[in-house]
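First up is the structure itself, then whatever we jot down about it.
Order of writing sets the labels: A, B, C, D, E and F. Residues in every chain begin at 1.
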Amino acid sequence: MNCPECDATLNIPDDASVGEIVSCPDCGADFEIAKKDGSNVELKQAESVGEDWGE
Amino acid sequence: MNCPECDATLNIPDDASVGEIVSCPDCGADFEIAKKDGSNVELKQAESVGEDWGE
Amino acid sequence: MKVGVVGASGYVGGETLRLLVNHPDVEISMVTSRQHVGEYLHRVQPSLKGFTDLTFSELDYDKLTDKCDVVFTAVPHGTATEIVKALYDRGIKIIDLSADYRLHDQAAYDKWYGWEHPHPDYLSKSVFGVPELHREEIKKAQLVSCPGCMAVTSMLALAPLIRNDLIDTDHIVVDSKIGSSGAGSGSGTAHAMRAGVIRPYKPAKHRHTGEIEQELSEIAGHKINVSMSPHAVDVVRGILCTNHTFMKKDIEEKELWKLYRQTYGEEKFVRLIRDKKGLYKFPDPKFLVGSNFCDIGFDLDEDNHRLIALSASDNLMKGAAGSAIQNMNVMCGFDEMNGLRYTPLTPV
Amino acid sequence: MKVGVVGASGYVGGETLRLLVNHPDVEISMVTSRQHVGEYLHRVQPSLKGFTDLTFSELDYDKLTDKCDVVFTAVPHGTATEIVKALYDRGIKIIDLSADYRLHDQAAYDKWYGWEHPHPDYLSKSVFGVPELHREEIKKAQLVSCPGCMAVTSMLALAPLIRNDLIDTDHIVVDSKIGSSGAGSGSGTAHAMRAGVIRPYKPAKHRHTGEIEQELSEIAGHKINVSMSPHAVDVVRGILCTNHTFMKKDIEEKELWKLYRQTYGEEKFVRLIRDKKGLYKFPDPKFLVGSNFCDIGFDLDEDNHRLIALSASDNLMKGAAGSAIQNMNVMCGFDEMNGLRYTPLTPV
Amino acid sequence: MKVGVVGASGYVGGETLRLLVNHPDVEISMVTSRQHVGEYLHRVQPSLKGFTDLTFSELDYDKLTDKCDVVFTAVPHGTATEIVKALYDRGIKIIDLSADYRLHDQAAYDKWYGWEHPHPDYLSKSVFGVPELHREEIKKAQLVSCPGCMAVTSMLALAPLIRNDLIDTDHIVVDSKIGSSGAGSGSGTAHAMRAGVIRPYKPAKHRHTGEIEQELSEIAGHKINVSMSPHAVDVVRGILCTNHTFMKKDIEEKELWKLYRQTYGEEKFVRLIRDKKGLYKFPDPKFLVGSNFCDIGFDLDEDNHRLIALSASDNLMKGAAGSAIQNMNVMCGFDEMNGLRYTPLTPV
Amino acid sequence: MKVGVVGASGYVGGETLRLLVNHPDVEISMVTSRQHVGEYLHRVQPSLKGFTDLTFSELDYDKLTDKCDVVFTAVPHGTATEIVKALYDRGIKIIDLSADYRLHDQAAYDKWYGWEHPHPDYLSKSVFGVPELHREEIKKAQLVSCPGCMAVTSMLALAPLIRNDLIDTDHIVVDSKIGSSGAGSGSGTAHAMRAGVIRPYKPAKHRHTGEIEQELSEIAGHKINVSMSPHAVDVVRGILCTNHTFMKKDIEEKELWKLYRQTYGEEKFVRLIRDKKGLYKFPDPKFLVGSNFCDIGFDLDEDNHRLIALSASDNLMKGAAGSAIQNMNVMCGFDEMNGLRYTPLTPV
């Protein structure tokens, strides 16, 4: 399965379960496993924050 | 007399003579006094060099 | 005159105090912190050792109003929305260093800061604290909002170009470089991981964009967009803004000199730096650290019709506490240079 | 294989030697300097203490040709015009690190370097030494010209955008930041005056512009102009190029990932850095010092249709000696990574 | 051979990994962290981007023992007491980078670390990991304790003087200067407050004193006291120890050369630096960053019968991860230089 | 009052001018340089841009005497022997910043400076310019010699210990660390080779030893030897002296507090720094940059009967120009703090 953000190959362990977070090795987007049905996996986005400077 | 480059007021001493270099306080351009006739002064440009980096 | 500082344990609060202890017209009567109540100032602000015996107090609005004629607020944005309002309602003069009352337009605030401003009706009560642009308004203001450090540095370089309609307003690129004190004491990266960086930390959509756009749009009379990208570099203090612009029609250097001299010739805290010789040819914060200057210069790239307007400042001085004192001087009728007659520290 | 280094007392010569002493396929047989003839290498290149007992020789073309299969020339531009020609005429392989044979067009050379190239007919004999762009030509070349440090860093980020005609080529702003080793050992400012600078040193018309334009124009098939401004910052090694571009039509991040992966997926010395988490979100030389990487990333500023392509390198590695070794590996049929398997030194 | 790293998210763990990914004789099979389980290594150790696809695991002793032949432990002292014991009891080889098993004497541990060691009977199982002093024991050890970074740097300079009974052992002053990575990633001061310091942080009673005294006393055959004072200075990596000693009777420089040559002539990672010419006259970490060297030099102050023994190292290399790899090489019968053939990065 | 500066193009001359432009009691009437005659001051001293329109003059003794009441000489030692004499003979007040008239004893001068002083009879005319030690003499002096930067910093920490006969005078180790501005503008190493150093540059026999010994011996009433070793570290401004001493009999911290308070309680430019809490626990130049303070603290190492006296200063302020202004104030009857009321710049 590929990363919805950057299309990198996502490495989802076989024993991953719903609610678990998988992270993209390339772009760092975090996804929550929303549904899982055998090798059919559905992801939803999780949030992340940046640095905020110079104000 | 004003600087030909940046229009700042040039401070040319009364006793300056032909061949002398005057420098602009603001922009740093150097001028050689090309002619002088009383308070009538003619300037010509003198060269200057910069830094050269990252090659 | 009696002054107070809210958020006195931070970098900006500390710098404000550093200037206030030597200011001829004021006396510091109260400083606040949440974490250090009762502690001596110098434990948190080491440079003040020997200059004051003050201790930190809790933030008590009534005491502040009672003890102070003017209050500086130097707390994170978001936090300042309430504090400034509470003080404003008590009728006291406020100089806010956060971003909370810089933008006049609620929608802009909500866009850039990512939440709804709780007191949008107070946005219009605040004057944008750049005396070089709004001196007369500041004189009469009860609330002055000091500008963002990169914002003021950039806008002072761009203002004359916009005012005279010299540049293409679709391609204004503001490439900023800033030191580590710009991050505040609350969020600094550890030295080992921060030293030696040249780090683009928010290449698009940085919050200061909103202020620069507000001020330049007001000058232009129409909406101006700015393409800003800030970078963290390995200094503690200092900002350089490289403002890349494209000329509508080609201009000569001499005209640029004239333009900037006209605009800033009388200003005490703007210097024009564009020298063919010597150590200081273009603006560089190295040569103004510790002072309240914004240094401005320029260069021309005729091949590309590009005009590079360069500007530098000390982010804790003109970029924060220096502007705050300058605003206080204007608001209170003091000599605008009082407490700010600092020659830059060079070399440092 | 036997190699020589001309200009071995400089920073680039020193870095080339640092890599060569550990390279599995070569032996260093001769190194030259004018000022240090007879002196042990480590007196001038302290890091080589314990790695070699070589001493500096005079520059003698016959001896060099005799003793070496490949010669690296790491002398100031201008100077290299003669040295490279002399070696070329003797039939030896040359990897030149100066700017003298980078531009193919004599007029361009004369414009950017301010004098007439004495051997313009040799310009076409040289291959521009960026394997990511010219690998096949380099394999067959007798003379390879390593790119300028800021030039290669910038062009690797821009090339895919130009090749796919994605950006407005009238407004390409390359804002570069570079460390002090970029100035060479011959012309460095003293520490006290160089530390802490954020100094724009040639806001318009910097010489690297010529190379970037040459390479991008070749890719585009028509003349491309670039608006470049370099800045000195307080690191010793490292370059960041912030390449501000404006999109012809809006692109999504995912397409950018695809584009850069297609271009550089197989390249050993290009890494894509655009992370939402962790310490390393955008390219920053901090995290590649000592390695031969050019790290590339990007961000989108939809408000302004701006695409910021970011690229970083170590100016003495990918920006100079690392590229030189990589070129040697390609020219001589060695594994392209040999002598270059360095993990960046972090933190440093 | 398969290796694991416990505490792989820290500076020392990261440096160990940086060396391991390029080590010819090993494969990394497991790395642990508490805070980053499941995360890719490069998110926390940016320099490893492109070198490994490993993710962090939980610390599970059985899995570690199962997957690894050797385990490096790079966690804070105190913490390592249990981890090392648990691994030791499972019969695996351990290279500990903490201070927990450096001292052989329980009373000394309790004094310097301020609490009771929970497993004092294991103290004697550990070999002090300085191959230059204990190579034969390390070859046979199951548990090796790498030395403190300032301790190893100082003791290598002092050992020959003590062994030959040349100095007054009541007045050994070790004045150390160290960079910010020495504090670890867990406790670093923010850049703005750490940059530019020359900070004495523990003028008396620093913990490394204990190790230096242990090793020198063993060499002397009687109890030696050391007067150590460490200082934080503005580099990321690097240590200089200025070891001020007073001679029992005056010695000549020539004899010192002889003494140090005899002691370290065969050592691959000790260089003698005492040059009358050139850039590198006395040890300075500047010129060894990124390498596993301990550079040693000396000077004589006849007026005061003072012999100044100078020593420098990279605290993350010879001071930590480099020593760890060197110890592994010795323990496992690899070439002692494998994975450590790094020329210093200069200038950086 | 009218003042002149000889050697106004150097770091110390520049710093003196930086202080003079804001000093309430003086007017600068003449500044000299050999290389920059006719040039505007700000071309060489960038921080003065906007503060003065002065240009450099040639060194003409008659003009100087004519135009100035006091002259500061800030030229290399050796050079100052003649200049100071020439001015002295014309009856003018001189504040010399070089080392030429610091030592009262000709033999000492010849030993430490390696040549014969041409005007040894003038050595006794000069007062050693440390008001904390010689205020009354300075008031009456025509010629004051400002102390060496490391010397004054060290001796202020040691003086009370010597005066009270508390320490073993055979083992006084002064380990100094200093920034790059200490080398002057004439001899600075290029940034790339100077950044990141921890460099012992004269482990034995440094010239400042002579002055420290002179002053401490005078206090002690007998000859005192000092073991001094200076180190270059990566800051621009700042000195830390770690003065390691061994107590004759053990002293308590409380007594040390008392001793230092008695000595410096009334001094405006000495602060005692020895805090158990907060950011500033021991002297560190980081926290006094830009000010005229010498900060002093201490720690006890009972195991070794060692008393570590720590002292810090800004080498261009208390270490040079600040002391010079303080001396002028004392000589001329101005308030001793005039022109020196600078709060340290923190963080910087």
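In the analysis below, a contact is a pair of C-beta atoms (placed from the backbone, for glycine too) under 8 Å apart; a residue touches a chain by one contact, two chains touch by 3 or more.
Protein names from UniProt, one per chain: A, B = Lysine biosynthesis protein LysW.
Given the structure is predicted, the values throughout are model-derived calculations rather than measurements.
**Q** Based on mean C-alpha positions, I'd like to know which chain lies farthest from chain A.
**A** Centre of mass proxy via C-alpha means gives B as farthest from chain A.
**Q** Check B-C against A-E and say which one is joined by more contacting C-beta pairs.
**A** B-C
**Q** Take the average of all CA coordinates in chain A, do the same for chain D, and state the distance between these two points in whole angstrom.
**A** Using C-alpha averages as centres, the distance is 37 Å.
**Q** Can you work out the whole-Å distance between the CA centroids of chain B and chain F?
**A** Spacing between the chain centres: roughly 40 Å.
**Q** Send over the residues of chain D in touch with two or more other chains.
**A** Touching at least two other chains: 11, 181, 183, 192-193, 195-196, 201, 234, 236, 239, 275, 277-279, 281, 289, 347-348.
**Q** Scan chain A for residues touching two or more other chains and write them down.
**A** 23, 28, 50 - these are the residues of chain A that touch more than one other chain.
**Q** Touching chain C in the complex: which residues of chain B?
**A** 5-8, 23, 26-30, 48, 50
**Q** Considering only the defined contacts, which chain F positions touch chain D in the complex?
**A** Per the touch definition, chain F meets chain D at residues 11, 179-181, 183, 185, 188-196, 234, 236.
**Q** Spell out the part of chain D that touches chain C in their complex, as residue ranges.
**A** For chain D paired with chain C, touching residues are 170-171, 173, 175, 177, 192-193, 195-201, 203-205, 225-227, 229, 231, 233-235, 238-240, 242, 244, 246, 279, 281-286, 289, 299-304, 306, 308, 310, 312, 347-348.
**Q** Could you list, by residue number, the parts of chain B that touch chain F in their complex?
**A** 11, 21, 23, 25, 28
**Q** Which residues of chain C touch chain B once you look at their complex with the stated criterion?
**A** The contact residues of chain C facing chain B are 253-254, 257-258, 261, 272, 274-278, 281.
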